[in-house]
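Each of the next two complexes has chain A plus one more chain, namely chain B in the first and chain C in the second.
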Partner chain A sequence: MTSVARLTKAHLWIAFAAFLVACVFGIWQMWARSPLATPYVIAEHYFLSVTAHGVAMAFVLTTFFIMGFGYFTAETALDRPLPGKPWAWAGFFLAVAGTLMAVAAILSGQASVLYTFYPPLTGSPFFYLGLVLVVVGSWIWCILMIVAMREWKGAHPGAPVPLAMFATVANAIMWLWTTVGVAAELLFIVIPASLGWVDTVDVGLTRTLFSWTLHAIVYFWLFPAYIAFYTMAPQAAGGRLYSDMMGRLTFVLFLVYSLPVGLHHLFMDPEHSTGFKFVQMSLTVLVAVPTLLTVFTISASLEIAGRLRGGRGLLGWIPALPWDRPMVLATGLSFVMLFFGGGGGLVNMSYGLNALIHNTSWVTAHFHLIFGGTVVIMYFAICYAIWPRLTGHEAGTQDAQRLQLWLWFVGMMIMSLPWHWLGLHGQWRRVAQFDYTNPIIAAWGPWVTTSLVGGILLFASAVVFVWNLAALRADRKAPVAPFAFATAVHQPARVPASLNGFGLWNVLVLVLMIAAYGWPIAQFFVLQPPHAVVHRVDRGG
Partner chain B sequence: MSVESEAEDRPWQVRASVIVVAIVVVAALLGFVVLPVVQGRSAGVDAFSAICRALGLQAGSPAVRQPVSATRAEPVSLVAWTEEVIARLHNPNEENGSDLAANICASCHGADGVSPDPAFPHMAGQSAFAIYKQLHDFKNGARGNEIMASVVEQLDDEQMADIAAHFAYFTKGALDPTTPVTNDPAIVRLVERGITARGLPACASCHGAHAGGPIETPTLAGQRHEYLAAQLRAFAKGERRNDIYHRMRDIATKLTDSEIEELAAYYAGIGLYQRIK
Partner chain C sequence: MAVSESDILRSEVRWAMIVGVAVAVIFAAVIYTGIELHVNPPSNIETIDPKALHLSNEFTESNLGTRVEPEGRITTRIVATQFAFDPPCVVVPANEPVTLRLTTPDVIHGILVTGTNVNTMIVPGYVAQVHTVFTKTGDLLMPCHEYCGLGHSQMWATVRVVPRESFRPDAEGRVACD
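Let's turn to the complex of A and B:
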């Protein structure tokens, strides 16, 4: 067991408790949108549920998982104790307190503004202050990750930082940049409005600041999955990582290109000019590069493993892989979902095509498939890989783990592929109920019902997952081998200093952010556009 | 394995910076110059304007023609919720409001905003925003009523704000639409959930606590039965037209006569009187 085991487990249990509850809300929402009679369905309940589902999945599950996994990685990859462990616990309790504040505000119906806020809608200040505490807790994590890497570099002058830790710190630095937008939105505009200090808000500015955060936050969630691809999957498959350098390049490219691209979430908004939207779309295209690098590198790594296991011929290495191992299975399933989800994403980020699917279920389908599918299935696999090290218990059989991963994959495909189809047919997102007596909408019915079946499979998978983690305690206690991250086939003899730290990349992020967001934000202060009246959901409209 | 020195790393820094900056420059040339000029040409927009539009320095899209008609859209209401108007409603001249209300309004709407005549609506229970909107609309002709038009003719914006604030006993959040006073479940359902198949949203989605209606949405709880029914009929016939985006006209035309009566009874029955301080 590692010395951060309790810390990591505490984070992961909070993450997955929120996840399980959020799954229940998710199923109910799909039920409400289906032609089937649904209990408790009025619009007010629906938007409360959407808010709870979004906050639990996007803020609580992710942030706590990433923090917990980060602490584990820092200690395991660097092979030294985590510095500032009391601070880590302080960050944890801060984030827990914030979560409880936000949950109380949501469940009492005082914050049904969805997790993306949508000013001038304004809810209870407890909701926003709670989320600020979660973010502050995560900032402590960021600083501890940076300190851990710096101390390690001090103790190992001239040595390359292990890839898993390099990636974790890349994520921490990206998260610090990412949260600037939403922090400015909350602290300077939304929270003053929620406290009644101002009566109007500049909606264009708030949307722009949120867009700063909105795309990069997705990469914050994605990083652990990519860390697993590079540093866990090759090892689990019985091979080695094809290229360490490719991993480093991938992670710095994510850092550089996930930030100056948020305007692609505002293609249909009137407050920005076509030129800036085009520039940010062009930069968005580059975010595909690290993903393509990763698909190539990990496929190559798995090919090495498959051939070492006796696979022959052009594709013979694929069946030779140990698909019975959860990490390998999850990686394969994750890549299939990445193929569909990434393809959908290319449509979203195209300035012209975006208009076709704007505000439809296509968008919901895309982010569920990419985040809920590609990313979260790797969260499961990571847990299965590290849980024995955290608990000292080894699972007797991995049947339940495999079942759970397959259920998640099948459920996600059955749920999200119909949503893509429905989006192309114009089904709106963020709408509680549909008029199924309308012949056009009636044709959607079977697809919506099919997606509900997918949702039920996902919920079953979620229950099995939590059961698997809890049940491990009852499994045999066994001496567990020390955890080791994958190493590369040819560890590079020398690493460029730029790929062993983040100074250069921080400067480039700054340059890109000034180019991409300078005028789009400054215009609100120069042009002084009209504001919108604050619309309170916690005190009656 | 080791890390290169800073000097050895220089080519990395230079190449990465050049590539990143070059991509931005190419994207900017395409987005701010090439595409606007080409698209602007086919849309009849000159090159300079097209580039300024692409930069956001001029309004409009470089790919869209200038409007050829100078006809202005006619808004149904001239009320604008500016910071000044909101500030005045929050900080009224109370003495002025009280005097004006006593002299002009009390004979029909009651000194405390509780109307003695079923034909006239209660003011008590309405927000300042709701009252101000209607006074302003009467004055500008957006809402037609001979009596009210002559009453508000003499009032300026600040006086109307003072009167509105005077009568604003409650915010509309005081409304509790979940207390049904009718036994007809169809009406309760209409209020709470709407009827999707008839395109009728829930009344409570705008007129209720935590509701999504605009700031000027009036409170219905405790209002006069006769007044509510008359307004719904006026919206249905198109005689009243000061509802932005046709919201109430669209809804009222879909209601049956008996639904109008029952809805008016439902809302009129909610206990406003106990709430008056």
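Let's turn to the complex of A and C:
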């Protein structure tokens, strides 16, 4: 057992408690939108539910999981105690306090502004202050990750930082950059408005600052999945990572290209010019590169494993892989969902083509498939891989783990593929109920009901997942082998300094952010557009 | 299994070239549709004070709906409010260029028109403008697609696309649903 076991488990249990509750909200929302009669549906309940679902999944599940997994990785990959553990606990309790504040505000109906909280709709200050505390807690994590890597480098001059830790620090640094946008929006505009200090807000500026955060935050969530692809899946399959260098390059490209692209969330907005929309669209195309490189490297790594196990011929290595191992199975299923989700994403980012699907169910389908599918299924697999090291208990059989992963995959496909179809036919997002007497809407009914079936499978999977983690306690206590991350076919003895740290890449991020976001933000101070009056949702307005 | 480092590098360079070509093709498609087919996002950056729409010349009650402008262009003006569109029904001719101009006095809204590629956000402080040609006749749904408050689900309007011969402007050039 590692010395951060308690710390990691504390983070993961908060993450998955929020996840389980959010699944219940999600399934009820799909029921409400379907043609079936649904209990409790009134607008107050529905938008409270959407806010709770979004905040729990996007902020609580992700942030706590990433922090917990990061602490585990820092100690395991670097093979030395985590520095500043009391600080890590302080960050944890800060984030828990923030979560409780936000949850109280949401459940009392004082913050039904959805997890994107676009002003001038404004809710209780406790909601925003709670989110700020979660972010501050995560900043402590970022600093601890950077310190851990720096101390290790001091003790191992010139040695390449282990890939899992290099990636974790890339994520920490990216998250510090990412949160600048939303932090500025909250501290300078939204919180003063929610406290009643100002009556009007510059809506264009708030949307632009939020867009700064809105794309890179998705890559923050995605990093653990990619860390598992590179440093856990090849090992689990019985092979080697094809190329350590490609992994470093991929993580650096994520750091650089996930930030100056957020304006693609505002393609349909009137406050930005086609010029800057085009610039950020171009940078968005480039963010496909690290994913395409990853697909190659991981496929090649798995091919090595398959051939070592006797696979022959062009594709014979695929059936030869040990698909019964949860990490290998999850990686395969994750790639299938990445194929569909990534394809949908190409439509979203294609500039004018975005008009076809903006704010339709297509978008909801896209991010459920990419985040809920591709990413979260790897969160499950990571838990199955590290849980024995955290608890000292080894699962007797992995049947329930395999069942859970398959349920999640099948449920996600059944839920999200109809949503894509509905989005193309114009079904819009974020409404509680549809008027199925309208002939256009009536035709959507069977597809909405089908997606609800997928939702039920997802919920079943979520329950089995939490059960699997909790039930491990009853399984045999075993001396668990120390955790080992995958090594490369040719493990490098030295790597270029640029791929062993982040100095150069931080400079590049700064330059790109000034180029991509400089004028789009500055224009509001130059143009001085008219402000909009704050509308409170917590005072009946 | 022996794979030399140079073999690995060579395979990676080959794949990187495939990735480069794929990205270039996507990029070319976007540029072609943008420049040749005029498929661009709505981006006019035109400000208007949301607190004084009723004092503006353009978005006063009497000037909303569809109008054939003196120079012949067809413009449809709509105000999105919590939780209705004003007017709740607009008429447009089929197969003619139409300009939609929308704004709001309160919070963020957005619209799409089902079965078309009309889509824009409506942000307080700005006029959103979409140029389009409706090709199919009939009543199309125009819902608010951005959460704007508790009445959001009930916020939608109708776009009535009529054949050119049924599109009959009055003396002022206006056409309304009833």
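Just so we're on the same page, the second predicted complex is superposed on the first by the 540 of 541 C-alpha atoms of A that agree within 3 Å, B and C clash if a C-alpha of one lies under 4 Å from a C-alpha of the other, contacts with A are read in each partner's own complex, and residues count from 1 in each chain.
FYI, a contact is a pair of C-beta atoms (placed from the backbone, for glycine too) under 8 Å apart; a residue touches a chain by one contact, two chains touch by 3 or more.
Not measured: the values here are computed from a predicted model.
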Fit or clash - chain C, chain B, common chain A = clash
Examine A:Ala470 and indicate which partner it touches, taking first as chain B and second as chain C; both and neither are also allowed.
-> neither
Kindly classify A:Leu114 by the partners it touches after superposition: chain B alone (first), chain C alone (second), both, or neither?
-> second
For A:Trp428, select first, second, both or neither according to whether it touches chain B, chain C, the two together, or no partner.
-> second
Using the touch criterion from the header, give the chain among chain B and chain C with more contacted residues in chain A.
-> C
Go through the superposed model and pick first if A:Val495 touches only chain B, second if only chain C, both, or neither.
-> first
First (chain B), second (chain C), both or neither touched by A:Ile514 | neither
After lining up the shared chain so the two structures overlap, which partner does A:Leu315 touch, if you call chain B first and chain C second: first, second, both or neither?
-> neither
What is the contact status of A:Leu100 with respect to chain B (first) and chain C (second): first, second, both, or neither?
-> neither
Applying the touch criterion given at the start, work out whether A:His272 contacts chain B, chain C, both or neither, answering first, second, both or neither.
-> both
First (chain B), second (chain C), both or neither touched by A:Leu356 = second
Of the listed chain C stretches (3-11, 57-65, 111-119 or 165-173), the one clashing with chain B is 57-65
Could you tell me which stretches of chain A are touched by chain B in one complex and by chain C in the other?
-> 43-44, 112, 272-274, 277-278, 282, 286, 433, 438, 523, 531, 533, 535, 537
Chain C touches which residues of chain A in the complex?
-> 43-44, 46-47, 50, 112, 114, 118, 120-121, 202-204, 207, 242-243, 246, 266-274, 277-278, 281-282, 285-286, 288-289, 292-293, 296-297, 300, 304, 307-308, 346, 350-356, 358-360, 425-426, 428-433, 438, 440-441, 489-490, 523, 527, 529-533, 535, 537
Chain B residues within the chain A interface of the complex | 1-6, 8-9, 12-13, 16-17, 20-21, 23-24, 26-28, 30-32, 35-36, 53-57, 61-63, 81, 83, 86-87, 90, 171-175, 192-193, 196-197, 199, 202, 204-206, 208-215, 217
What does chain A use to touch chain B in their complex?
-> 41-44, 109, 112, 158-160, 199-200, 256, 272-279, 282-283, 286, 433-438, 491-500, 504, 507-508, 511-512, 515-516, 519-520, 523, 531, 533, 535, 537-541
Residue ranges of chain C in contact with chain A within the complex | 1, 3, 5, 8, 11-12, 15-16, 19, 22-23, 26-27, 29-30, 33-34, 37, 39-51, 82, 106-108, 110, 112-115, 117-129, 141, 143-153
